[in-house]
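Both of the next two complexes hold chain A, though its partner changes from chain B to chain C.
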Partner chain A sequence: MISVNNTSFRYIGASSDVLTNVNLQIKDGEFVAIMGENGSGKTTLVKMFNGLLKPRVGSVMIDGTDTREKSVAQLSRDVGLIFQNPDHQLFAETVSEELSFSLRNFGFNEEVVKRRVTNILTALDLEKYVDSSPFVLSGGERKRVALAAILVWDPKHIIMDEPTIGQDYLQKDRLRNFIVQLISQGKTIVIVTHDVEFVAECKPRVVLLSKGTVIADDAATKILTNDELLAQASLVRPQIAELMHQLPISGKTLDIIDAYAAREFLVPKLREAVQTSGHWR
Partner chain B sequence: MDPRAKFILTIGIFTTALMFTNVFALITIFLFQIPLILMAKTSRKWLRSMRGGLFLGVFIFIMNFIFGTALVLSIAFTLRFFTIMSAFSFFFMTTSADDLGLALEQIHVPYSISFTFTTAVRLVPTMAVDAQTVVDAQRSRGLELDKGNFMKRVRNYIPILIPLIISAIRRSVELAEALESRAFGATDHRTAIVTLKLHFADYLAIIGTILGLAVAIYVYFRVPLPILVIPIQLPKIF
Partner chain C sequence: MPAISARNLSFTYVGANTPSMENVSLSIEKGEFVILTGPSGCGKTTFCRCLNGLIPNFYSGEVRGDLLVDDVNVNGKSTAELSKHIGFVFQNPENQLFSLSVERDVAFGVENLGIPQEEALERVKWAMKSTGIENLREKAPYELSGGQQQRAAIAGVLAMKPSIIVLDEPTSFLDPRSAEDIVGVIAKLNQELQLTTLLVEHRLDIVSRYANRVIVMDKGKVALDGSPQAVYGDQARLIGIGLPKVTTLFHLLRRDGFPIATNPITVEQASSELRKVLHQ
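After this line comes the complex of A and B, so read on.
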């Protein structure tokens, strides 16, 4: 469990807090999206989960241990943090060397290293790049290698900072399926994102940050249809939610935010309307 | 103050510091800068930059001393390092990248060179942020920079340096493409909306620097300076 208790944080030399009195509990196996405007403190918050940043006030507990009591390396064994830009972490000559790096840091023996690298390459469809340099891969592929480089040691809690940036629709869909798979394995998934469409498709619990404080913490359907909250966090409704908002059925608007639910709801209604009127108007 | 006058002053201090190995002379040159730093109201930043150079200063002293340089001379080399570092810190702390570019253009340095120089200066803070992000990313993968013996610690920096160099190269390629897309270098003769003009204080600084240099040269050749004697020296290794 990740537990953030009355936490405030300020960068050295800054005159004000980036995070103010944040309280947040994330249970094991939960899927949470942290959303908010630029500079709202999202990345700062998740950097506290593996001890890269320590709270100025309050505490951050990972499975009952205060992050102040452990080193980043010790915490990272359980909390895998995937950075936004893969170019900030890739350095090895080959993809397989890149994936082995963290396993060797954590002291796994060579046999386990080899097996785990092979498994993760297969899981993320990267086998053909095993001997390629990470630097010759496309942006999307490098992002997948960076993801694999964290998942390879099988951390219990997985934190992804802006995982959908630079990904095409197919890659986003793959990522969504992969997240579902990880959740089914009991992993805790926390994503930091601005991508309302991706969140609408995944429908996690959403924690909304604005100016360093949590302004809402609820189901995606509730938050992504609340215009007042979205405006505070400089976000907009997902397109499907906007369509459903503009399309009152029986005088009511419906809180449908994803394409699948919208299709389930709208297709029979449209069929019925067409059959009744005999043609499209 | 005009960046050209400040640069001449900095070069004056730099040259004087290189001329002397006498501890008292170097202390005098170092102390000469203090009123300037106080006048420029940059004492806090200056102290921070001196603290940043402390490790390198101590390293210079230890390396000189253990490889057989006399104790006094090792102190002098360290003082020289701090004096030169202080002079350049003062210059860069009080001169914006724009002023620097303007100064270079007005002393007829080709625009492509002055632009490269000012861009490099401007990118230093960005590189520092990048470096911190890379360190964070690798620490999140279990890298412990301060673990192991000396060679292991040096090797620990490879996963930091490579992403940093690669991202710097990527950024420079992107920057070059963006500049070319915006017609960089399309005209041979650029005009500047702001032109630099030397004022009384600038002339005073330039004349002061020339006089200071003249005094330093005179002292160097003609005036016997007091010598600090501490007869401690390790045997020479090489």
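After this line comes the complex of A and C, so read on.
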């Protein structure tokens, strides 16, 4: 359980808070997307989950322990944070070194290290790069190495900052399936993102931040169809939500944000229309 | 005279066993707005690196075939020479901005062209106006939002008056509203200046409406090349291109047996087609 209680934060020397009185509870096994405009405080918030930043006011509790009572190294065992820019994280000469480093630090024996590294590289379609330098890989691939380097020690809570940037369609699809798999293993997944189409496909719980405050906390279908909230957070409706909004159909169209739900809703309506007129149009 | 013309262009990076790009032949006319897309590793970045001479000047390997930019054969040209013809904008504007003021950043490239200072100043002013950032000239780049930074990066390229602009996922770091906004700026410049535009992009939802043409690369080759409506079909889906969601919805409806002839690429096209059916 990640629990943020009446938390405010400001950077040293800054004149105003980046986060103001944030309250947020994330249960084990939940999938949450933190969304909001650039500079809304999303990254600052998740940096508190592994103790990189400590609150100025209020508290952040991880599984019942105040983050101020533990070091980042201790917290990281349970909270894996994957940075937006993989280059802030990667340092080793080969992908396998990168992944083994933390495991050795945590005291796993070599056999376990080897097995875990192999497993995670296979899961993320990176096995062919095991002996490559992370720095010759493409941006999208480096991002996956950074993800693998955290997942390899099997943290309970996994936080990903903008995981879809630079990923092509197939990789995003793979990421989505991977997240589903992690949730089914009981992991908590928190993503920071402004990729509305990705959120529309995954439908996590959405926590919406604007100017350092939580302005909404609800299902993706509710938030991504609420124009007022979207405008405040500099987001837009996903394409399908916009389409449904433009159609002259009353009723439950408001909750539809992805193509499959739209199809399910539209097919009977279109069948009826075609039957009445005898042709498509 | 085409803006870009490639004939049987191939490239193999040093140390690689297989070419990253193989026998690419294509020609882009002046004023076109072209989306270049394809899965990671399809060769699109390699193609772009050839356009401004980063290949072979900075990335070594074996080049074959011919590439003309603005009728200039890139073979043997430096990246600096080519930058007069072709400007580049990258994913993360922070990597492109480094001066103390926006105006200094926008001026950086053009001042290195060796043109009279007065003309350089004129161009900087014009470029800032064209991208809508003339009120930000005194600001430091780090004071700007991501969208404003990307406008500044585009202005810096524009001031060099290239005839071609290549943008590599220019919106991926921006929030959706800023992203739509930047794509709008790019489309406006394309229209008003007849600036040949090559946009490398995965997120086809927001850019397709502006493009007259989409080139899909796969495994180092050009797999599809045509209008968005023509390209966004079954083969593109097989290659693994993230088609606009309305295009996907219509594909699903066709599979359900509805005889839909149109292939919408924007919300407006999809909604207009559906409204005609629902209203009859």
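Rule of thumb we're sticking to: the second predicted complex is superposed on the first by the 265 of 281 C-alpha atoms of A that agree within 3 Å, B and C clash if a C-alpha of one lies under 4 Å from a C-alpha of the other, contacts with A are read in each partner's own complex, and residues count from 1 in each chain.
Keep this in mind: contacts are C-beta pairs under 8 Å (C-beta built on N, C-alpha and C of every residue); 3 or more make two chains touch, one makes a residue touch a chain.
Given the structure is predicted, the values throughout are model-derived calculations rather than measurements.
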Please indicate which partner A:Ser277 is in contact with in the superposed arrangement: first for chain B, second for chain C, both, or neither.
second
Check the residue A:Asn50 against both partner chains and state whether it touches chain B (first), chain C (second), both, or neither.
first
Just chain B (first), just chain C (second), both, or neither: which does A:Ala73 touch?
first
Mind working out whether A:Val117 is in touch with chain B, chain C, both or neither, as first, second, both or neither?
neither
Give the label of whichever partner, chain B or chain C, reaches more residues of chain A.
C
Partner chain in contact with A:Phe83 - chain B first, chain C second, else both or neither
first
Thinking of the overlay built on chain A, is A:Asn105 touched by chain B (first), by chain C (second), by both, or by neither?
first
Could you look at A:Val199 and tell me whether it touches chain B, chain C, both or neither (first, second, both, neither)?
neither
Shared contact residues on chain A for chain B and chain C?
none
In the complex with chain A, residue positions of chain B that touch it
130, 133-134, 136-144, 158-159, 162-163, 166-167, 170
Parts of chain C lying in touch with chain A, wherever the complex brings them together:
38-41, 45, 91, 145-147, 169, 172-178, 180, 202-203, 205, 240-242, 244-246, 248-249, 252-253, 256, 258-260, 267-268, 270-271, 273-280
Which of the residues in chain A come into contact with chain C in the complex?
37-39, 138-141, 165-172, 194, 196-197, 200, 233-236, 238-240, 242-243, 246-249, 258-260, 262-263, 266-267, 269-270, 273-274, 276-277, 280-281
Which residues of chain A touch chain B in their complex?
47, 50, 52, 71-73, 76-77, 80-81, 83, 85, 87-91, 101-102, 105-106, 135, 149-150, 153
